[in-house]
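Below: the structure, in structure tokens.
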């Protein structure tokens, strides 16, 4: 059963130094507020897992939270590169960053395996590419019926997965809709799952395309209106595209980034 | 692109003697009308695939359509046994019936593999049971990361899958809701898919929990109001529980069954 | 008030479920008992059916595993592959609630055939979701009528694994769930002996004798040193059970 | 009317798509061209994005692969695992529409690193959905600007396989899709030679010379015996392209 608690308490209780932590949300419903709270609580040596590390992971990497990044596409969508991620990779600033790199299909299937209680997943992937040369979590497996060789990826089971959703009921059941991404799998693959929501309501009336996460698979639910901004929450607010463009300038330079970081740390979640 | 055609034409064009045919629908949305049309067109030597062969397959087996049954639970839900299936198995009446038997988890994953273009699926299943002793489509596979041994099941790729849905639009896109069962997987695993629908509408307005099957993965859509009766179509009509009970008496005896069959064949679809 | 043996069985089975547990429910006797528990002491019991309905709260008993009433009142409805792969398989369900045509001294269940597989005396429906429910739930509770035909030394076909041939089998096979922890019948309760994994009689329902149980059990059933007597049904239990209606019946 | 080389590229790419095809679309240049095609000659083009939107008909161009506008106008929205496993992987998509930072003479694409992997000169975003799009679609069309930096003899890193090192590689590796059938640039069109699988120049856009293409291509590019000249953009093509707006820009 999920406890409904303030976000600082949820992060304090469930996110520890050295943990493997996944913040998911595919362009949509990215849990920015939770990422910022992890920065404020100065977690260190995290293995950060995310299919599409974008601004939120650039910020966490720049803040020194991460020792390793597990991902399949790292960029500022529609804008360009992640300068803090590049700086960490090339100069080890503020801390060295190890990477484990996959394709989207591989990462999605790693979460599927994790959510399914399986040690690996099978896919038609990676064939002929250079990715397996650099990624130990890609292997091959042979079909026991046809003899065909296929790609295998190891399961992802984060210590903590954090996602954002539109709403929860008072028991802590969560409902999200719009592009659902890989959030259900990431939550079900994790030891503990934290969900930030726009609001708590009495009844989760059905919504077309909605995914429901029962309270008994969640550790904590925190009410954080706007918790996905500058990404968007379908039906609540739009993507702040200007903020994505502005991040390019802020993040390009260690100084302007550090000023941004100090300001963030001064804010309360 | 699906053609919208009368059901007799869809069956005539896409269901051939000797085909592997799956009629799916988990208690809900069982494509009875399509099964009856296959009986009327006197298809023979079919491999009938279905997780829960119930009345519709008892009828098709009794009518002599089937050479083989691939399944995981064969009964009259809430009532008892399938007498025509038992008669075919024990006495070969009206034709001998081979069986390939799985668990639900195994059958569901066989469809998932089929829909995913994979030759097999991995699951934690069958361990310690007697099923693998009798079923060649169960094997084992070893995790290339942990060394753990898991169950493998071969993919199901029916020649034809038939399902029933609430509605389609004029382009042949299909929408179904309520208990979705394994229909999406069964359709996507098939070479050809036929969908019978309650009605055709101008626009598929979104419905909570709805599954949408795009027209370009379907071969034919046929408008058959009541096509799932005596099972039910969520939002359209309820399950005719009396008909399920009555089937027990009809099917118990070859004579009463044959009378039922002659009557069915005299009806137009 | 008086009660039937079947009523006592359903009530004893309902009592075995605790509030807040997630329970994967088979149709028939398990479904009746689980829905009774939810109306009595376990309003927060999470009922999950293999048709993909999670957290369903039907106001009548479903007749089949995929009745519309299960979808209408569910917190979430998912596909059949998802219910097995994401919900059952990882071991996140507390209790699997099963029945069967035969159960043996090690709690193995048969719902496939009586007699040899290729030429059976009775062809049963087959496995459905039971093999993986028995494998993956944290524990399994079996509820079935206690008859000599059903309680056998060794099942003719292992559809769903209990404790195999003894206490180490599940661990050796890599199964993570504890397997059957209780068999609740219309006569009493059997539980696996911690050392041998063999089912022993641990409780008798009121008015039932050990001799009755022995007469209906196909192996020389041991009786626990601290054999209990099941508390009689309360008026609330009986009236709630009797008020439950099945869809379309 | 006059037009820019970029406009010619988008229009030529749009023309390569046929009505009724299912097209798995990468963000950026491919998305622009695919949406243009849908507004012109291919109103029934089925656009699929890796964010899980199937049959989407956005009235503006998405800025990112998971914009809300893609979900709002989609026939179906599915999870990311489902879009890759059920829709892309089985080979049911006609065209994969990709771009990249580098492409080589065999149509292999690099979006990972310029320079060595461990100490790259430039770290690029990585693979995203492209490796499996390139592997599984029935054919792949690449659209990218023609520069000497981008059109290289051999990519520094094979993110997405084209024809590998020659005509037999895809078949040997068990890939079922045909791989890149066309590379459409702002200068012209390259296609794999049927015998060697090496990209050869098969069309020039109006006003472009073979020498210009050679100057921007990092291998001694062959010119097809029946080199075509791309038809100039029509007024309708240009006005439709110019009327397309991108969300939030």
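First chain written, first letter: the chains are A, B, C and D, and each begins at residue 1.
As a convention for this text, a residue touches a chain if its C-beta (ideal position, glycine included) is under 8 Å from a C-beta of that chain, and two chains touch if they have at least 3 such contacts.
This structure is a prediction, so every number in the text was calculated from the model and none was measured.
K.L.:
Comparing B-C against A-C, which pair counts more contacting C-beta pairs?
P.N.:
Most C-beta pairs in contact, of the two: B-C.
K.L.:
Counting only Cα atoms for the centres, state how far chain A is from chain C in Å.
P.N.:
That gives a centre separation of 40 Å.
K.L.:
Approximately how many whole Å separate the CA-defined centres of chain A and chain D?
P.N.:
28
K.L.:
Out of chain D, which residues touch more than one other chain, so two or more?
P.N.:
Residues 85, 89, 136.
K.L.:
Which chain A residues sit where two or more other chains touch them?
P.N.:
117-118, 123-124, 148, 184-185, 209
K.L.:
Which label fits the chain touch graph of this model best, line, ring, star, complete or other?
P.N.:
Graph shape, chains as nodes and touching pairs as edges: none of the named types, so other.
K.L.:
Got a list of which chains touch which?
P.N.:
A-B, A-C, A-D, B-C, B-D
K.L.:
List the residues on chain A that touch chain B in their complex, please.
P.N.:
Those residues of chain A that touch chain B are 117-124, 137, 139-146, 148, 150, 152, 154, 206-210.
K.L.:
For chain C, which residues are in contact with chain B within the complex?
P.N.:
27, 50-53, 63-68, 70-71, 77-81, 84-85, 88-89, 112, 117, 120, 123, 125-132, 135-136, 157-161, 164, 169-170, 173-175, 247-249
K.L.:
Provide the residue numbers of chain B that touch chain D in the complex, in ascending order.
P.N.:
Answer in residue numbers: 1, 115-118, 173, 184-185, 188, 204, 212, 214, 216-217.
K.L.:
Note which residues of chain C are touching chain A in the complex, please.
P.N.:
So the residues of chain C in touch with chain A come to 20, 22, 46, 54-55, 75-76, 85-86, 89-92, 136.
K.L.:
Of all residues in chain B, which touch chain C in the complex?
P.N.:
These residues of chain B touch chain C: 26-28, 51-52, 71-75, 77-78, 81, 85-86, 89-90, 101-105, 108-109, 111-112, 123-131, 133-134, 148-149, 178-182, 184-185, 209, 232, 234, 238-239, 241-242.
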